[in-house]
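Got some structures for you, see below.
In the two complexes below, subunit A is the common chain; its partner is subunit B in one and subunit C in the other.
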Partner chain A sequence: MNERSLWIRIGAPALVGALLLAAWEAWVRYAELPKYILPTPSEVASTIVAQWAALGPAWMVTLKTMLVALAAAVVLGVALAALFASSRIVETSLFPYAVMLQVTPLVAVAPFIVIWIGWERVWLTQLVCAWIVAFFPILSNTTMGLRSVDPGLRDLFSLYDASRWQRLRLLLAPSALPYFLSGLKISANLALVGAVVAEFVTGTQVDNPGLASTIFTSQLNSDTPLMFAALSLISLTGIVTFFAMEGLSHLLLRRWHESAIGER
Partner chain B sequence: MKTLLTICRAVLFAWWAIAAAYGADAADKVTLATNWLAQPELGGFYQAVADGTYARHGLEVTIKPGGPLVNNRPLLAFGKIDFLIGTNLIQPFDAAKQEIPTKVVAAFFQKDPQCLLSHADGPWKTWDDLKQAPLLMGNAGRQTFFLWLHDAYDFPRANLRPYNHSLAPFLNDPRAAMQGFATAEPERIREAAGKEPRVFLLADHGWNSYSTVLETRNDLIAKNPDLVQRFVDASIVGWNTYLDAEDTDAADVLIKKDNPSMTDGLIKFSRRKMGELELLRAGEAKKLGIGAIDIERVKSFYAKMVAAGMYQEGEIDPSEAVTVEFVNKGVGVE
Partner chain C sequence: MAATPLVELANVGKTYQRGAVALAGFDLRIGAGEFVSLLGPSGCGKSTALRMIAGLSQPTSGTIRRAWDHQASPSAGTDCRVHWSHPLGCVFQEPTLLPWTSVWNNVYLPLRLRGVSKAASKGQVDEALTLVGLQGFEQAYPRELSGGMKMRASVARALVTRPQLLLLDEPFAALDEITRLRLNDDLLSLWRERRWGALFITHSVFESVYLSTRVLVMSSRPGRVVEEIVVDLPEVRTAETRTSVRYNDLCRRASLALERATADAPSAGRSA
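Take a look at the complex of A and B:
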């Protein structure tokens, strides 16, 4: 990425953000909307500062759930993808169940996940819930990637009698990598959504409440500025994660993959 | 002859015009949003719709039910609805704290049906025993009455377990305790497990919040107090009918229409419990009528919530969260 495109990457969305926030601030002030209906961005910002003692630790709790769930989604998603790619029969027999897991509303099954895992282990329950939300794109994309190996190259590897390891490292991994990364981009923020939703549906961890708890409490107390403060931390996390995944993707693909080469 | 016909026409037209005009503003259209799915605990309001009590008070009432994950509260401040049923006094206190211009105008349940439940055959036989039980409690309970349980009775935080309105986790563990409504969950549990659980009413242990409180906007109180008064009075009449009438089918049909999971068994149980526990006609409501509000009691409840850490001392004036302008008038008292 050269300097100019970097500026556009950061500057353009930042400009849009600044304009939107300014319009929001102006409109709320002009319409004289009370803060319990819609707070201004500046009220939200000052709430974040004023309530940081509660918001900061809650943010860390949600972040931790998100990151561990994402790690689990990567490990189990890739492992399952490898299993699926190894045989058509395995893939056809198991994929419907992966889809089932993906579309089942978490709200419906959460009480039972709580029982199955044990209600003392609230964090583990939340982790499993967030993982369920996050793992599917990685599984689906990586499976696709592993299946997309160039047949010519596959024959070439057979011809030269390549070992399984060589096949994996030099053929399968590079072919699947771009697919995996685009799955990861989706999964990373799904893990965030999952972490928040999981906390809503399982009840908060008593001693370490996360941001969902803040949102719930602020809603209950009609404290709209605090709710927006929690929401903006979640948004911030999502944006940072998105750019981090873009960066990672660029770093890994820039030397050779068509999707990244063009941006030099 | 022709003139007579013209006169007749004119008279008829005038009569029609007056009737139409009268009909048009005869009934004020108002919307009541509730805090839960349609259920007998909201039966008086459905009764007043069903038997025409609201209509006789010049009101055309639409009920907008709440439910899990439904939050009707912002609609009140925003003016999309005119009346809201609140669960207890905490959210009205919050409204005062956040300077949201709404107020409680009537308190239908003098005793909060909120209770803790333990298994009939389980180890927890007394209120004090419950402190040892894994306690299934949802987010709202944790942020409100659990804080009080913790402050006033040392219920440990570590015992809290998640609750999502499913009975399964409770039924699965004989040592569990859970939150519930004394008018509903005991019967749901009996239907599922065969035995009614032990019931511990928070109200019997000092939780003196009103429940099923009616809230409205301050500007409606200021601009149209007559409408508010008619709504309160008609609701009180509806509740008296719902509690006393042999036959409440008309209201129950509406309840079942809005909430198809409601059964006749649950309705019967709930109506019986509301009577037995004197939820609506406890204390001064016997003399002053259903909906009665005592400012001293509101202040006393606020003091308890301050002790529980929910508010700062003097943060709000709790008497500003309610008004006694529309109740304590003996409506419906024989």
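Take a look at the complex of A and C:
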């Protein structure tokens, strides 16, 4: 039963993907579309291989922006959430600004960041842009998690005179974990979006172009297959990130949290 | 009862914010080895009293004295055995177990919070689990247990520090009749063996008489003790106890007291 459902979960989407790619390939060939309008999947695949010398490093650049931004979002988001949860006044006075950071569209803020951080440090600019969008879900979810600790468990810890550190480690952290993880899931994907948007904003004048910069430049050269090649690597990154986060939260919560316990 | 009580509340009052008076002129004494039931209508302040005894909330007026308050603070001592015991155990209405860890770790928690290592706690934790009949479920997670087993784990956790006083706030109220009767019997035999003082909160007349050496009946809000019934039944209680004349007599007395206590407040208003 379990093995069969696993096969279905992997096999069914794979089959749909294969059918779609085949249909795409057949249609482009049949309609004889020029490849600067729509390349076939096989042309995209061969472009990835042929241009790997440029695409590989570009992928690494985007991946690095995304992962470092996510790591910074986790560290600062959790630290600020801890501060918010321990003091209402701090939360009340800072929360509107955190919201402001979140609701102002990144593309509107990015030019300012470019000016302030400077063209010499383009990567740092991209990093800050990606961090801005990735930061908020972790902050708000973790804050909520830290606040929603079962009052009965709080009483229990008071009864035995638990220290602040014991409370944090044995009560607050595990209680907030499911909330944090659902924030992390959103943030991981937003970090990729942020990295891509930042590359578009910083344009073509960069020494180490990422995948989105590659799309940008190849659009100027009407190199549609290369655009598709870069795009498919971005999509792949997004998909892998999504399932990695699902896997991580399943791993951490499967024994106890309702969200991770499937029907048995 | 003449010896120094484990805990003594004198003329305690508790007013919540927004002026809700939960307790007024509340007196209570629990001696070592006594099993006292607090019987009262819903909302009369039973949980409030228990929380104050446990130190989870402070009285607005009056005094609370606990036998162990005079002793040196255990955390200041260097003798590590002092850490192992905590004078107070508490079983709440809900099992309040940590859902993210095993039954064993849940029972170990009070010792862990006192800084005792896992290895050093093993004997005490295993003993507590055996006492409540949960051996074999050490590695289960709370969600894998039935409601009754969760309560057992909660009782084991309260007993693991070998408390002098055990507080129980309607611990088995959410369980079915059969499970509740069984857990009550198990609790009683544990008590006969260990002789901690116990404060058992309930709104069931039969339960209170069956379990206790003394039943205190509370009036409705603001709550205070209006009647004391000493239960002079033989110590070992069984299903036969429930059919005995004396038991039924005491139940009737407690029932009447409860009825009077609940009727008191409004009738006082009417006669004025």
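Please note the rule applied: the second predicted complex is superposed on the first by the 245 of 264 C-alpha atoms of A that agree within 3 Å, B and C clash if a C-alpha of one lies under 4 Å from a C-alpha of the other, contacts with A are read in each partner's own complex, and residues count from 1 in each chain.
Everything below uses one rule, namely that contacts are C-beta pairs under 8 Å (C-beta built on N, C-alpha and C of every residue); 3 or more make two chains touch, one makes a residue touch a chain.
What you are looking at is a predicted structure, and each value in this text was computed from that prediction instead of being measured.
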item	value
Which of subunit B and subunit C A:Val122 touches, first, second, both or neither	first
Subunit B versus subunit C as contact partner of A:Phe216, first or second or both or neither	first
Which of subunit B and subunit C A:Asn208 touches, first, second, both or neither	neither
Subunit B versus subunit C as contact partner of A:Gln102, first or second or both or neither	neither
Which partner reaches more residues of subunit A (counting touched residues only), subunit B or subunit C	B
Which of subunit B and subunit C A:Phe112 touches, first, second, both or neither	first
First (subunit B), second (subunit C), both or neither touched by A:Ser46	neither
List of subunit C residues in touch with subunit A within their complex	51, 54-56, 75, 86, 88, 90, 92, 94, 96, 98-101, 109-110, 112-114, 141-143
Parts of subunit A lying in touch with subunit B, wherever the complex brings them together	34-37, 107, 110-112, 114-115, 119, 122, 125, 200-204, 206-207, 213, 216-217, 219-224
Of subunit A, residues touching subunit C in the complex	150, 152-153, 155-162, 166, 170-171, 174, 177, 255-257, 261
Subunit B residues touching subunit A - in the complex, by the definition given at the top	69, 71, 73-74, 77-78, 91, 94-95, 97-100, 134, 137-140, 142-144, 157-158, 160-164, 166, 168-169, 172
